[in-house]
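Pasting a structure below so you can have a look.
Every chain is named by a letter (A, B, C and D) in the order it is written, and numbering of its residues begins at 1.
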Amino acid sequence: MSIRLVANSYGKSSIRLTKVTRHADRHDITELAVDIAVEGDFAATYLTGDNRQVIATDTMRNTVYALAADHALSSPENFALDLSAHFLDRNAHVTAATVRCAATPWNRIGTAHGPHRHSFVGGGAERRTCRIRRTRETVAVQTGLTGLPLLKTTDSEFRGFLRDELTTLPETDDRIFATLLDAEWTYSAGATLDWNAEYDRILAAMLAVFADHKSLSVQQTLYAMGEAALEVCPAAGSIHLEMPNQHRIPFNLQPLGKPNRNEIFVTTREPFGLITATLARETR
Amino acid sequence: MSIRLVANSYGKSSIRLTKVTRHADRHDITELAVDIAVEGDFAATYLTGDNRQVIATDTMRNTVYALAADHALSSPENFALDLSAHFLDRNAHVTAATVRCAATPWNRIGTAHGPHRHSFVGGGAERRTCRIRRTRETVAVQTGLTGLPLLKTTDSEFRGFLRDELTTLPETDDRIFATLLDAEWTYSAGATLDWNAEYDRILAAMLAVFADHKSLSVQQTLYAMGEAALEVCPAAGSIHLEMPNQHRIPFNLQPLGKPNRNEIFVTTREPFGLITATLARETR
Amino acid sequence: MSIRLVANSYGKSSIRLTKVTRHADRHDITELAVDIAVEGDFAATYLTGDNRQVIATDTMRNTVYALAADHALSSPENFALDLSAHFLDRNAHVTAATVRCAATPWNRIGTAHGPHRHSFVGGGAERRTCRIRRTRETVAVQTGLTGLPLLKTTDSEFRGFLRDELTTLPETDDRIFATLLDAEWTYSAGATLDWNAEYDRILAAMLAVFADHKSLSVQQTLYAMGEAALEVCPAAGSIHLEMPNQHRIPFNLQPLGKPNRNEIFVTTREPFGLITATLARETR
Amino acid sequence: MSIRLVANSYGKSSIRLTKVTRHADRHDITELAVDIAVEGDFAATYLTGDNRQVIATDTMRNTVYALAADHALSSPENFALDLSAHFLDRNAHVTAATVRCAATPWNRIGTAHGPHRHSFVGGGAERRTCRIRRTRETVAVQTGLTGLPLLKTTDSEFRGFLRDELTTLPETDDRIFATLLDAEWTYSAGATLDWNAEYDRILAAMLAVFADHKSLSVQQTLYAMGEAALEVCPAAGSIHLEMPNQHRIPFNLQPLGKPNRNEIFVTTREPFGLITATLARETR
């Protein structure tokens, strides 16, 4: 019996970039947090500390800023595609490079004359994300979003579930449905798309379903949102969704001498339900 | 020499309430985190553990939900005013009650037919806040906001500052100005206002100044924003602002063989500048 | 082409349990955060909202507290093993149950007479973790820890790495090595062990290597720590380690007229290197 | 009526310093987060953007590292005292300087030969803090700690509190008492002490009281801890304590067919009680 290095990966995380693009009539701003990881022939540094094959993670950081200087940054995906190619093109011993980006949303401040040309207000806590994994033979493009708060005050039931002697939850035909949406979808191999337009279309489709769905379970709504996403974007082959059930628990007013009218709720952070699924397009 | 209890205060923090108000044509949602603290004749519990004068903090929690059931919750201020009065009215030994509320912003999901009637998307990480401190003689109403991200890509200089042998910062006539605005203003005693309208007016005034200001220092912009707030709201007697300077540091591309064009920046979290001031309306 | 549910899983996360075990001479305390997820025949709720097969996540929460009442809680692993079995034993349609536990460390307050019998002080931000994944045929036991801060002030070099035109990092033969250790190891199938003793042995082995290693790279030290862990615990078949490189960057004092003596560093949080590897025991 | 600048303060926050002191037989490590704020004649920058009196916050950052290079850093207090003096000594227009430090605890890794000479493990999430406020006439030294988790499994009652129609909390004669201690004490003017020894003595005194106190209320225990702190340290004139009551709520097992034995608790994060007081030494 011996001990062996069976997998390894390393890189730089949380490389935070702000780029200003100065057009004649307006400034655009891109703010990204970038994570880079490489795999390949790095056993020597793990086993003996021989660093001759090691790309310093500081060099990865430099690379983000240097490439950003010459890049249009029209989408996180385009930037991550080029970044991942950089490491494979330069280093024969790298077998795979994974680049993840998370974009901070900034909205233009509204003025009487329309959106301001160079001043912005934060757009929310959610982040648009992408993840590119590139090998010598393949490149996988995933886009997603993380941490988008959604809430509906009605059209959410939860009934008819299993009951055993450890079940105390009452059935409900009208509850609050609150979540923080995480979604990530995978584009078909070789797709070259208007990544921003696809993102907007998929997000809009998911929001529309969330808003109008007559929910019998979080699972059912999650599935319907994923299905809508794949339907509006034929280039997306699969989608994974995660939706915590951020319970709003009816506060029992009866001990305080007041009727319960399904209006007053305790906002809870934990515990939370966590509902997930992966949907894929398949040949029938 | 002896040891004495010179000040005391206790209460319940992070009481999280969600209320749904069901109108015929739409649902409204209010989500608040409420902190309550009382002061008064509580020395007995500190000194001997005699709890006869102690309002349990669990009772404070119940009170938030019970009062919310009967309350229109038209503004955080109105709710906090009533909550603070409750504790003074019921308890002769309470000399002061402080209630703070922070509201989670929810925006209606947009549809082809306008804003959705009962489905919402999170409105950002910032929070509208209020703080009511009520004694037997006075009631102070403070409103504010915390954590609003703002950024402008130009119209920000920083020059002509003190230089000594520990100064290495270059002067700049065109930098990014990024901050997380915290502001809190105090209404004149006895004011009864449309708290929501005043909030909207003050926030709009501060955003407009931030967007258009030709900034020579963060201090100058902060002052101009505070001044604009007081100018649009005669009922606000003073305002306190805190603005971290969330530095975007130009990344030096020259060692990488590229020119610096003031486009590529390192987004930093720390250290950060922290600029504060209090402005007040005064008789000349 | 059609859209299909290709994977699903749901459960309850952040179920927080405190159990006090009252011995004659002392009290023991166990504090766990438990996450439960199940997989199986749940397509009906995703596709049609038919919940007849759905174990409510609230029932999962109840189960944690009910099982804890009758359980010795001698280790997180033993509790998680029983919890995971519960869901498979009761529900023929569940094909897999995953239970994760993270234990909050509490140390007894020291007194002149030894450790206090019922009073505790927090033991740190790190968490001991376990993860049990049980199917009808298999049970995988993983133990680990997350977030353990480690730092050494010398015996860390980084030299001889790749240099290209984007490389600016100087070589160093004496740097600070600071990290937050995450490790997770997998016990061989069927092992029934004194999980606490194995945990203590593995952690001690990793700490001893970290302390004394002459590090030529973070990778090399990580590998040596993993190797030591597997060597002291024959029942562990593999181990995965993740070590962020939490850079302490020498502050350049020369512009301030002072010599650099490798004593003054900027503590950084981001960006950070992230070094990972998996080691496994193999037949030669 | 006019608007006026009535207070202002600015500075740099979260300046993170690591210093290694290399002794012949061991290395010492100091890790501090430093916040600096100055007050004085800075109206010009607020009102007109005239920065001639402005010490750049970047210079404050440089100052921390430059002073640390020449400083023994024997205690946070000694360093903060010198830092605060620096800004007043150099700048006639500064009227007050406030310096806060929070120290990250590092413990030596234990070995068979005793504590390791240069390798450390994180000492916990709590932080030792100090705050120096220096004016032309005065210097106030405050020391404290923040975020120390404490828990006792018995010797905590809560009975005999006020009951009204909004009170539902049952009385208890045996509950868990869990908190995150924040304390800050003020040394008498002019004291020059072994700050580390005083800190250790006060912390030990508070822990001893917490451990052994027969608590009738959190208030009573807090007061006893503060009293003990002042008793062991005659140089401390007053102390302020804040103790959240991090409720462990008995989980009701009866609906699940099991007896309640005061052993199984839900760990909660919010809402939490927040108990505070200030104690001072006074002439009788």
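As a working rule, a contact is a pair of C-beta atoms (placed from the backbone, for glycine too) under 8 Å apart; a residue touches a chain by one contact, two chains touch by 3 or more.
Keep in mind that what you see is a predicted model, and the values were worked out from it rather than measured.
Chemist: Enumerate, in label order, the chains that touch chain B and chain C alike.
Modeler: Per touch definition, common to chain B and chain C: A, D.
Chemist: Going by C-alpha centroids, which chain is farthest from chain A? Tell me that one.
Modeler: So the farthest one, by centre of C-alpha atoms, is D.
Chemist: Can you work out the whole-Å distance between the CA centroids of chain B and chain D?
Modeler: Centre-to-centre distance between chain B and chain D: 24 Å.
Chemist: Using mean CA coordinates as chain centres, what's the gap between chain A and chain D in Å?
Modeler: 37
Chemist: What is the distance in Å between the mean C-alpha positions of chain A and chain B?
Modeler: It comes to 29 Å between the two C-alpha centres.
Chemist: Going by the contact rule already set, what residues in chain B reach two or more other chains?
Modeler: 16, 62, 66, 166, 168, 256, 269-270
Chemist: Is the chain-to-chain touch network here best called a line, a ring, a star, complete, or other?
Modeler: Graph shape here is complete: every pair of chains touches.
Chemist: Using the touch definition from the top, list the residues of chain C that touch chain A in their complex.
Modeler: 1-16, 35, 37, 42, 45-59, 61-63, 66, 90-91, 158-162, 164, 166-169, 215-220, 222-223, 226-227, 230-231, 238, 240, 244-245, 269-284
Chemist: Which bits of chain A are touching chain D when the two form their complex?
Modeler: On the chain A side, the touching residues are 165-166, 168, 255-257, 269-270.
Chemist: Please output the residues of chain B touching chain A within their complex, sorted ascending.
Modeler: Those residues of chain B that touch chain A are 16-22, 27, 29, 31, 33, 62, 65-66, 68-70, 106, 109, 111, 116, 118-126, 148-155, 176, 207-208, 210-212, 248, 251, 253, 256, 258, 261-269.
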